[in-house]
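Both complexes below contain chain A, partnered by chain B and then by chain C.
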Partner chain A sequence: MEISKVVEILKRQQSTKILLLLCILFFMPLLNNLYLNTIVISIGFYSIVTMGFILLMGFAGQISLGQAIFFGLGAYISGILAVKYDISPWLTLVLATVTTGCIAMLLGRAIFRLRGLIVGGITLALNLVFFNLVQSMSGITGGATGMMNIPQLPSGGFMSYSLFIYYVVWLSVILLLVFSLNLVNSRVGRALKAMNLFSGGSDVTAQVMGINIMKYKAGIFAVSAMFASLAGSIYAHYISCIEPATFGVSYSVMIAIMAILGGLSSPWGALLGAALIVGITELLREIIPLFTGGTTGAYELIAYGFILMATLRYLPSGMISVFNRLTKLGDKSSTEVISP
Partner chain B sequence: MNPSALLQFLISGMNLGCIYAAIGLGLFVVYSVTRVLNLAQGEFVMLGGMLTVSLLRMGIPLLPTLLLAVVITAFVGAFLYQVIIYPARNSSGSTHVFLTAGFAFSLEGIALLVWGWGDRGLPNFLNSPNIHLWGATIFGQTPWIVVSTLIMVIGLFLFYSRTIQGKALRACADQPLGARIVGISTEKMALFSFMLAAALGAISGAVITPLTMTSYGVGLPLTVKGMLAAFIGGLNKAEGVIVGGIVLGLAEAMSAGLMPSGYYEVIALSALILVFLCRPRGLVTTQSEV
Partner chain C sequence: MIETQQKPILEIVDLSVAFKELMAVNKVSFTVFQGDITAIIGPNGAGKTTLSKLTTGLLKPLGGEIWFKQQKLNNLLPHSIAALGITQVFQDIKLFENMSVLENIMVGCHVWTRSGFLTSGLREMHARVEEKTIRDTAWDKLCLVGLQEKASDYPSSLSWGQQRLIGMARALAANPELLFLDEPYGGLRANEIEKLSHLVLTLQKQGLTIIIVDHLLDCVMSIANRVIFLVDGKKVTEGTPSEIEQNELIRHTYMGNALSRGIRRKSEQ
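And then the complex of A and B:
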């Protein structure tokens, strides 16, 4: 076969993209730039949580503004198990993820009896409840000042801890990415798409085809929650001290911004959106002090709001559609455009 | 439980309830006409309070300050509709919700820029003193809060039922196509609803600040609580929204008084969420209306 034909085929495969990603990730630490490592780790965490959100909103069409709840649950459950009960950190990851999944399943069953925007509203309210709950339960969670001294994940000691976390996080990203990509193209994925208002389906459409919408809605809600929870647990063992302020309503909105910016039509959108937002944040933190010499929190807020509004207005399918068009790295499933 | 404690809870509950009811009303006004869930409603409340603080600080007397704060906020609401929502009017409802969320974020950032991190307070309007009654304290600002909320509610009711514009608004809410057929401009009505909601928010923001202080970040939690109040009451009926607000306010006050401290928001919010999940149509709507 001609080289160009091989390249064409390779371009269309997801595995190529994943291999490319793996190469980049492998070579990144060799640059030995601690700052860059920290940023990329941060992108990794956001990618995982955002991927969960995209599965929920991009594929099943359900709005949830409560990802912070599960990110927080993962962090706190893992932290509490490790600190108060001396359970091995790796085990706490598993326990926290499973627990969060069950909670999310139950919550999902209750919430998804409602339809439409109200689901988003309820998840928003639950997020607020979670935030207040964590702040109030100071006996268990350390309250507003946070929980400290969460042990690190045992790494065997042959590399620096932050490098270790880098690999843990990004290995998870890749695994979850592969999982998501497979899910999207499977029976489950098609059932979810049938329910999705944004891609031409609806609850009735799915039901008419014999799909049990409650089971799938609650299920994908649980999956998305477990993504966020896993990220939260790793985060707790990375940062070593966590506070409630991180898990408030703004975090959930940030995740939504990353997902919409990246593009809801593919799990890759999570990586793209997370990378862009973190990149823009760092850029702002470099540039703004040159003009005003103050803290940049306000400008960041304005920028995020602006990005959200601009993306929805001018590029509702997200940056991933631009990326796919430019590089023609797309394949069949990414040519469908799912946008709010 | 002694009666003066109960009275105190009732008073606090009324204060909070009026605010949540007002926010819920603002959400209702916009939702009923445009089907948009305005997540920036709480920001209007914040703006009302902040603007009042700044204008008073500039030496402007109370009444013109309030008027100015309301007008400025109404224009912010107009901006939200005209520049943000209207161009995207053919998109789905969730796009609109996210647009208002983005706007809320940006407003918070601007507020942070202009007013900084700290809490801002105000003296009671006309320096009304606290009233002590049967062992309970009625905060000096309470009459202002209750009266202004009453005026808003009654005013809104009269507006909807007695004026042409009000009826036009209702027409757009009930039957947009029919409204257009008889010559009502749904766009103008939508714009007006946003301005009205912003004005309502500003009034309640100005009136609550002497009691609870305001800061750049109060917007989102207020929006969420107001939204919950609106859902509880049934987003489709104005009376329901008010009932919902009062219920939430009372629930918070009761929880604050009776439960170990710090948990009151959790209890009140969870209780309401539970109620809502059990009765999704709201407390006030009947089976026939949805």
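And then the complex of A and C:
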């Protein structure tokens, strides 16, 4: 089959999936179920942050347990600009995202001089530093009690705020998904995969091929940070009050679990992983109290641990591999695809 | 073998590097001329591969200088050296296992393309045009090595000889001016050796300067314009293949069996 035809098939497959997602998301609010809307908004937030993580770890092979830092930075920068400086909430989204990206770029250039697991350790440590810093800067962040009265995003009053946020979040998910898919199937995506030691790349060979390893590591770190920051900014204007406990290490770990469960080989894995974990969490919240007399608490964490172990043991490529196999069954021409 | 013009493209001046107390390359000097096929030969441990790593920036020299088209390479990073027009095919090839054959070759185009994070993510017109150019270039290089049918396959499904050809195609996709081939004939069957030699000569006709680092004399001597002979990190001699063959010391201590094989193979053809 000619290369151009294969490329066209690949593009059609992706476009079909995105259109299907758009249809589901457009019609879901018509069910008029506030609880369902809230769950789907939550999935949306996690999807955005997890997508950034998948670009960083799944494609570039860089371990990071610091997504919570950037989620928190986005939330706090947005909140501070809106509350203390009365800046338009829409503008605070942009300013927070750009500022976080710049911080991540500088951090990345320092961190990625090192390699391997130590990078994950450093990002974990930074997460703890961030958490304690936010708690201690009570004059700016509100400290342990958090920041309140963060203004809502102007919605024009055409629909409920919850429904408005639903569309804002999921429009962001889809735009970032398209951005991510474009990125991974481009010159930049190949450079990231080339230097990914965990999936068969070689940073030595990548350098000899002209790839500036440091530039791409810092760059993708900044991109993933900006994804998380955007989610954090929207979250702040959605919830209207934020506290440090939301942005701790457990959030970063949750993101990693979502990415691994969904699958690190595709940005679609973020949506799958987020949907599964949020769905399982809600299910556990219904089931566990039946056995414990009302409390869930640490049982959710135990469940996440089992999910992670089972995924790594039986489905190391994540749920996306199952999804890909199912979608390929109905399309014979896709057997000659160039990339997974 | 094609006679070439004598314009220097690479100059190595008193180059040295040490691994702990071992001088892996010891004050080696030579010049490579544009359009030549230069063979760097010598027994195992002579410093051949170390020399290629020094030139591509993977190792930093202890002393000496490396000049490429009047640009000093000593303090440049590997990706900057690649941008100047030097590329390498490794001894162990190192194809990217997480990409298809065609995608591997497309990586070779990275050095002369420019699309960044934003233009690629937004799929701007420039990025789309560039991507098509990359794909077309990669396809052309794949056709050059005669493995079009393997475009969608992954490196793990290829034979060693096929992987080596794909490695060459990837290096050629970078449009280099100087190509290092590190032990290109290792592990190849006879027909694959012939195919590779034919490809190397074709590339020379197209104006590419090639340095072959190998210890298989009967393969390189028939195509090289110039031979540099290393032993224990030092340059022993250099010259044309016939000059090297007539060096009694080299014939006696190193080349005997290989030279005999080469002579027998030529007489059998």
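To be clear about the criterion, the second predicted complex is superposed on the first by the 315 of 340 C-alpha atoms of A that agree within 3 Å, B and C clash if a C-alpha of one lies under 4 Å from a C-alpha of the other, contacts with A are read in each partner's own complex, and residues count from 1 in each chain.
As a working rule, a contact is a pair of C-beta atoms (placed from the backbone, for glycine too) under 8 Å apart; a residue touches a chain by one contact, two chains touch by 3 or more.
Note that the structure is predicted; figures quoted are calculated from it, not measured.
K.L.:
In the overlay, answer first, second, both or neither for which of chain B and chain C A:Tyr304 touches.
P.N.:
First partner only.
K.L.:
Thinking of the overlay built on chain A, is A:Val253 touched by chain B (first), by chain C (second), by both, or by neither?
P.N.:
first
K.L.:
A:Met226 contacts which: chain B (first), chain C (second), both, neither?
P.N.:
neither
K.L.:
Counting only touches as set out at the top, which of chain B and chain C does A:Leu124 meet: first, second, both, neither?
P.N.:
First partner only.
K.L.:
By the touch definition at the top of the document, which applies to A:Thr205: first (chain B), second (chain C), both, or neither?
P.N.:
second
K.L.:
Which partner does A:Leu197 reach: the first (chain B), the second (chain C), both, or neither?
P.N.:
Only chain B is touched by A:Leu197; chain C is not.
K.L.:
Touch test for A:Phe179: chain B only (first), chain C only (second), both, or neither?
P.N.:
second
K.L.:
Give the label of whichever partner, chain B or chain C, reaches more residues of chain A.
P.N.:
B
K.L.:
Output check: A:Ala82 vs chain B and chain C. Expected answer is one of first, second, both, neither. What do you get?
P.N.:
Touch partners of A:Ala82: none, neither chain B nor chain C.
K.L.:
Going by the contact rule set out at the top, does A:Leu264 touch chain B (first), chain C (second), both, or neither?
P.N.:
Neither: A:Leu264 stays clear of chain B and chain C.
K.L.:
Touching chain B and also chain C: which chain A residues?
P.N.:
none
K.L.:
With touch defined as at the start, can you tell me which chain A residues reach chain B in the complex?
P.N.:
63, 110-111, 113-114, 116-118, 120-122, 124-129, 132-133, 135-136, 138, 197-198, 249-250, 253, 256-257, 260, 297-309, 312-313, 316, 340
K.L.:
So in the complex, which bits of chain A are touching chain C?
P.N.:
3, 6-7, 179-180, 182-183, 186-191, 193-194, 196, 199-202, 204-213, 219-220, 223, 336-339
K.L.:
Can you list the residues on chain C that touch chain A in the complex?
P.N.:
Residue list for chain C touching chain A: 56-58, 77-79, 82-83, 87-88, 90, 94, 96-100, 102-103, 106-113, 115-117, 120-123, 127, 130-131, 134-135, 139, 151-152, 170, 174.
K.L.:
Per the contact definition, I'd like the list of chain B residues that touch chain A in the complex.
P.N.:
Interface residues on chain B, with respect to chain A: 37, 84, 87-88, 91-95, 97-99, 101-110, 112-113, 220-221, 224-225, 227-228, 231, 262-263, 265-266, 269-270, 272-273, 276-277, 280.
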